[in-house]
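I've put the structures underneath this note.
After this come two complexes, each holding subunit A, first together with subunit B and then together with subunit C.
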Partner chain A sequence: LDYQHVQVPFEITLWIMLASLAKIGFHLYNKLPSVVPESCLLIFVGLIMGGIIYGLNDKSPPVMDSDIFFLYLLPPIVLDAGYFMPSRPFFENIGTILLYAVVGTIWNVFGIGFSLYGICQVKAFHLQDVSLLHNLLFGSLIAAVDPVAVLAVFEEIHVNEKLHILVFGESLLNDAVTVVLYKLFRSFCEMPAIKSVDVFAGVGKFFVVGLGGVLVGLIFGMTAAFTTRFTKDIRVIEPYLSYLTAEMFHLSGIVAIIACAMGMKRYVEANISLKSHTTVKYFMKMWSSVSDTLIFIFLGVSTIGENHEWNWPYICFTVIFCLIWRALGVLVLTFFVNRFHVNTITSKDQFIIAYGGLRGAICFSLVFLLPDFHRKKLFIAATTVVILFTVFVQGMTIRPLVDLLAVKRKRESAPTVGEQIHIRFLDHLLAGIEDISGHWGQYYWKDKLEYFNSKYLQKILLREYDQPKSSIVLLYEKLERKHAIELAEAGQLGHAPSHPSLLNDDRIVITDKKLEDTLNPDVLENIQEILARNLYRIRRTGPAYNRHTLPGETEPVEHAKEILILRHKSL
Partner chain B sequence: MGRRRGRGSPGGTPAAQSDAGLRRDAERSLEMTLVNPNMNKLFRFGQSCKGRRVIRFSHSQITRLYSRFTSLDKGENGTLSREDFQRIPELAINPLGDRIINAFFPEGEDQVNFRGFMRTLAHFRPIEDNEKSKDQNGPEPLNSRSNKLHFAFRLYDLDKDDKISRDELLQVLRMMVGVNISDEQLGSIADRTIQEADQDGDSAISFAEFVKVLEKVDVEQKMSIRFLH
Partner chain C sequence: LDYQHVQVPFEITLWIMLASLAKIGFHLYNKLPSVVPESCLLIFVGLIMGGIIYGLNDKSPPVMDSDIFFLYLLPPIVLDAGYFMPSRPFFENIGTILLYAVVGTIWNVFGIGFSLYGICQVKAFHLQDVSLLHNLLFGSLIAAVDPVAVLAVFEEIHVNEKLHILVFGESLLNDAVTVVLYKLFRSFCEMPAIKSVDVFAGVGKFFVVGLGGVLVGLIFGMTAAFTTRFTKDIRVIEPYLSYLTAEMFHLSGIVAIIACAMGMKRYVEANISLKSHTTVKYFMKMWSSVSDTLIFIFLGVSTIGENHEWNWPYICFTVIFCLIWRALGVLVLTFFVNRFHVNTITSKDQFIIAYGGLRGAICFSLVFLLPDFHRKKLFIAATTVVILFTVFVQGMTIRPLVDLLAVKRKRESAPTVGEQIHIRFLDHLLAGIEDISGHWGQYYWKDKLEYFNSKYLQKILLREYDQPKSSIVLLYEKLERKHAIELAEAGQLGHAPSHPSLLNDDRIVITDKKLEDTLNPDVLENIQEILARNLYRIRRTGPAYNRHTLPGETEPVEHAKEILILRHKSL
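Right after this comes the complex of A and B.
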């Protein structure tokens, strides 16, 4: 038995298999996924495994190595997110996203840090020795919203596109702020005296980290796009390289990957063959799925053990302050945002943004990276509790709360059938008019970028310089070739618009019953339900990004295919 | 806003220069219909069909819409055809795409010029607060609530008899609803809609009844393009 030889890959693969088995079993129960988000289940499995290992070996199970997390587990998830992020809603809301990510995170960090320092002053808690700087350091790592956790939970609740992109974009971009503040406070801890020059240097460093990350990402993105001009093969390696390069220069790796993925997507998709394109998509989905699973399991495993020092007041107040400061931050910032935009962020949206601020594995890894000082275990314990609290409690209760809020709003006025239809009609009309008038062209810089793109970039980076086809047109062409025939043959599109004569016959038959039928409340409910399920949604009411399905397979796109086929028939 | 000044700005590249030239021509032709040339921020269009209707766009809005018009106009002949509209990808998957495109073209014509383009879009300008309390005896602006609703009504009412019949309603419903609904169900939905709205018992929805159904809905906000604020 040569276990030592294969130990490391064997254990990892065993854990992956265990995780997938747990997931399958989890989904077999129909009711469970709607109550408990998948991430909770994975942490739970990890907890059990950690307990088993602890019981068997009687020593702490292996703690997730921060290097493994940051170098191997995190990049695939961020790459997947950045690649499939729909760029139009992202850039439409970029101002709001940046505001939440930068200002919101800074607000949270200082708020939590200072209030925890205030708690430490209370003599009864025996926390005198935790200095302000330590508290600020802790605040900087606990305040950041985690994209992995947010993604995992937001799949379960169906929010509209704009809200989804706000929370998700914020969780991705606050990495830059977190990195800067964390490193800043850590270096302050080691310095004997802090001058104001250092503080200003910190502020300047923030811009360097953020913009530098974007620059590195764009460089690698353009390289990837340029390379695909000459080959039809897969290019996935450039974004990962951009992440590593950015980390090497102490810039923000997450921002670099996102910039790389968004920059290169347009050109790479136009250049590589269809097969490679599909391969890239599925490959990224698989990688990010595996990564995600591993992270949560590791999180569970690492919780068990003797790494913790339990000081209950500190921990409880940490949780409370995280919630309070996040809620306050969202309220204040939304107040400012709503003054500049016609399309306001409603209070229900604000609640979701505030309550959806989940912490996850990034905080966990950062706390393990802290230099060893005598209160480190306290911080580890507090971080663990916060993460478990947000993932379990907030993750599980956000959906019922959202439904509760939605139901409350609905009770104010039940729309009649006619209202529903006409409102949807107007929504489609407005969406069409906005598309005609080119609503995205509103932004001066976007126009400039498009101009720059069409004049220079396309010539360099695209293989054949013709009118770049959007994914919808590509979809339509693909349809014309295969699916239209298949679907028509399968009889799904058998509904030709009925002739008026047939309709009149129907009406004569049921005229007598018509009035009573339509007044029947059961019939009404039936109609409402039919409409709710079947009216085509306007483009922007679905979630922007889904972890488990490719962009081509979600429901709105199925509807789009149907609409295209119907119109093609009628043309 | 008004970052770009159309007149007198030096064109950078030859393309931009001819753009500026075209824009100057367009503005000159707009100027010919100016009612009050002393207002330097707002232009007014006058239209002669169906009485005088007045629409108002600011200079920057006109410039922006003009650049959109030219980017859609692939043939570069100053007018848009139906193919130019159909080239917009998002419109292809809009259930009402064909009807919206048809709304831009005047009766029986296949080309629409910039003035017609603007006129249709003027329905979707948000109603500003200072306009609401404006004088009632002036001509009604195109973006009033009543005119917005009339625009939508005309999209339903294809035969232009000022009534939405059951068939017209069924056609629109069929466009907006998936393939899983049978004709009978659709018919009963249409019946219910008409029955809720119908007050004079003609089994069709007139414009007044249409307005009444939507009286609780914030049409001004729903039918306004946000960026034109």
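Right after this comes the complex of A and C.
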């Protein structure tokens, strides 16, 4: 036995396999997933497995490595999220999302940091050695809403699109703020004295980190789009490369991968074949779902162990302050947002936004990345409790609350073509009005971008741009084809010279040449397989070529039965 | 800049990206791929890159790590090969393949080993310090035909199916022999004295390694098939896990992964959805093509450097002996095979089998895994030369030779349904004859296996086995649907109440409700996208809503032109 040799890949695939088996298990029992979010169940499984490992080995189970999390597990989830993000609601609410993500996160960081510092001053709690900077550092890692946790819960509760994009967009874009503040406070902790220059540098750095991420993402996205011009091969490595590059330059990798995915999507989809497109879609879904499962299981496993220092007041007040400051932040910011918008955010929506501020694996990985100091274990314990509280308590109650408050849900059906036409019409109308009135609003910019895209970008990035695609004709053809299939399925294709029925007398009469001409190899292969199987069955029900049975002993009944079944099916 | 942090994934993705860009580059220039196999071009690119790295750094470029090769690069290629292996010709020729793979490989190992030992006795060559055991060890790693190299070349020359499966099947199954002999000689090299018990243990071990691999593969294959009963999620980790497990127990990983892939294919395909199936297929193709590209590029890169000890006689005689012993082996073995078969292997086929014995990355990785001894660099040099000789000289001349000898090619079209029916009919007839005559031949066993499969395995492994699938009816429906689409595309669907033409007057008249009812969300989304784009164009060609242009200045001409283009397209 040579376990050492294959250990790394073997353990990885074993974890993936166990995790997916656990997932299959949940879904076999139908009631559970409708009450408990999958993320909770996976953490629960992780806790049990961690407990078993702890019990058997008598030492802490392995903790999820922060590097593995940030380099291998997080990117696929963010890529998937960015690629399938509905771009229209995202850009319509980009102002509000940015306000929540930037101002809201800063508000939370300082709110939580300062109020926890206040708690530390109470002598009875024995926390006087935790400095203000350490509290702020802790605030910076605990304040950020986690995209993985939000996605896992919000995908199941189906709130309306605007509400979803507000919470989810915030959780994605706050990465830039979190990265800057976390690194700023961490370097402040190690500095002997802080100058005001450093603070200003931090503010400047925020723009560099955010906009730099967007830039890196767009460059890789355009490269990806450009290379798909020359190949039908499919790859999804460019977004990943953009993430790694951004991380390398200390920019926001999450922002980069989202910019890359959103930028390349349109061109890549136009360039690659339909089958490649299906594969890319499924591949991303598969990859992100594996990562997602692993993250939650490892979150559970890592919780067990001896990494924790328990201090009731600090941990309880952390949870309370997280809730209070988020609620206050949402209220205040929404007040300003609503003053400038016609389509306001209702108070029910505000409650869900505040309540949906789940924390997850990002906080957890950041707290383990903290430099060693004597209260690190307290921070780890507090972070773990906040994550478990938000994921379990908030995650499990948010669905009943959404039902109770009758929050506006996502509409079940996609908008009809008529609605779509009217929305488009209004868009163009508003762009015209903005143009005439000289107001540079979102419609104006959208229109300009669209013009730039069709004038320059498409020519460079699309393979077949020179031929104007008559897509209305394609649509018409598609409808006709659809209709023809329906007719064929309903058996109304009367005048068609149909193939002789295959069921008559169980004889198979197919003219070979004709079939070969009309069918492509894939279909033909499929038919051959079907024939192979059926012929087998015919042989089985026919004489058994056996010395010990006489011909005609058993077969007629079975034969007739089989024909009956086939006829029954066809009617 | 924090390069250290992201180094590993960054370099991997960068290599993948560069490799696929190189591949895209080749295919842009059409003539090159028809003369030179892709593998040669990739090695050539690797050589250039290795040269650049060597020139810049003044030290040897990184050598392909044997662990990475065996654990990460080889499995996907073998999985892909095993999954798409045509099972009928494989099992029809399994006897011949095994003879080539087992006896042929042993023949080559001892032939090359002993004759090289003879060369070492010539004093003028200064090779007297290379012992017989070392020569046999070298023979065991250089004798095995490489599946990756064979696949890369034979996929492009399209020889007939039997010839292809003979060479390719041998290259896959000889893994068990190579593993055993290589490990045996390596342990003999380290032993003070060799007892005859050890030799017998080696012979026994061969069966354990080969059959154990099959067993491990089948267990994982059945597990994979069983789990797909309960989920439509797709995973391809079971074959990989079977490979790792086999390697862990020192069994043949290649044999295991092939057994797993061939065993699970049938059930998995029946259980998962069509879309999942497409994804699995594309995913395996993508994964194996990435691995393939990386292997050949790294083979080129690793060649450059200071790992070589040059000894003209040893290297030249290695190449010559490899050619001679393979040719002799094929001749002798085929003589015996032809005596027992009606459908004999022609002398042209024998020549191609002997000439197609390409060596590749497996030899290369094995030679680097050798324990350190003073002549290791000589072995590395000889292996590199043999690989480059077989891949470049044999790989590039085999296509012209196949043309010149007029070797029977693969038939262009798939067998017709009629042929298929007759083949099946003969199979069942022969099974019956074998049964009556009491001869347990291949048809008898195939029939028994098929019976066991439909009686037991399918019931356990297939999701919807209890409903008898009337697949002939499905086929009929498929043909009807196909026919209907053709009719629709030819515009002959006369009596159908077709949707009002979308082109009339450029007005779009679609009744919303109807569309929504008849189309599924995917199609609808697509239509919406098309409409969105086209409406945009209509707006663009329509009045520009601009203060500086009067309405009606430019649009009528463009408008008319666009309608003309659309009409032209539709005719």
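Operating definition for what follows: the second predicted complex is superposed on the first by the 431 of 571 C-alpha atoms of A that agree within 3 Å, B and C clash if a C-alpha of one lies under 4 Å from a C-alpha of the other, contacts with A are read in each partner's own complex, and residues count from 1 in each chain.
Please note the rule applied: contacts are C-beta pairs under 8 Å (C-beta built on N, C-alpha and C of every residue); 3 or more make two chains touch, one makes a residue touch a chain.
Since the model is a prediction, treat every value here as computed from it, not as a measurement.
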Touching partner for A:437 - first (subunit B), second (subunit C), both, neither: first
Which superposed partner A:399 touches (first subunit B, second subunit C, both, neither): neither
Touched partner set for A:348, first subunit B, second subunit C, both or neither: neither
Contacts of A:418 with subunit B and subunit C, given as first, second, both or neither: both
Contacts of A:428 with subunit B and subunit C, given as first, second, both or neither: both
First (subunit B), second (subunit C), both or neither touched by A:375: neither
Touched partner set for A:24, first subunit B, second subunit C, both or neither: second
First, second, both or neither for A:241, with subunit B first and subunit C second: second
Subunit C versus subunit B, contacts on subunit A by residue: C
Contact residues common to both interfaces of subunit A (with subunit B and with subunit C): 413, 416-419, 421, 424-425, 428, 431-432, 435-436, 470, 472-473, 476, 493, 495, 498, 503, 515, 518, 523-524, 527, 530-531, 534-536, 539, 562, 566, 570
Residues of subunit B that touch subunit A when the two form their complex: 3, 64-65, 67-68, 71-72, 85, 88-98, 100, 104, 121, 124, 126, 152, 155-156, 166-167, 170-181, 183-185, 187-189, 191-193, 195-197, 210, 213-214, 216-217, 219, 222-229
Interface residues, subunit A side, partner subunit B - complex: 342-343, 413, 416-419, 421-439, 441-442, 444, 447, 470, 472-473, 476, 492-493, 495, 497-498, 500, 503, 506-507, 514-515, 517-518, 523-524, 527, 530-531, 534-536, 539, 559-560, 562-564, 566-567, 570
Residues of subunit C defined as touching subunit A within the complex: 1-3, 5-6, 8-10, 13-14, 16-17, 20-21, 23-24, 27-28, 67, 71-72, 227, 230-231, 233-235, 237-238, 240-241, 244-245, 247-250, 275-276, 278-279, 282-283, 286, 289, 413-421, 424-425, 428, 431-433, 435-436, 450-451, 454, 468, 470-489, 493-496, 498-499, 501-503, 508, 510, 512-513, 515-516, 518-519, 521, 523-528, 530-536, 539-540, 545-547, 562, 565-566, 569-570
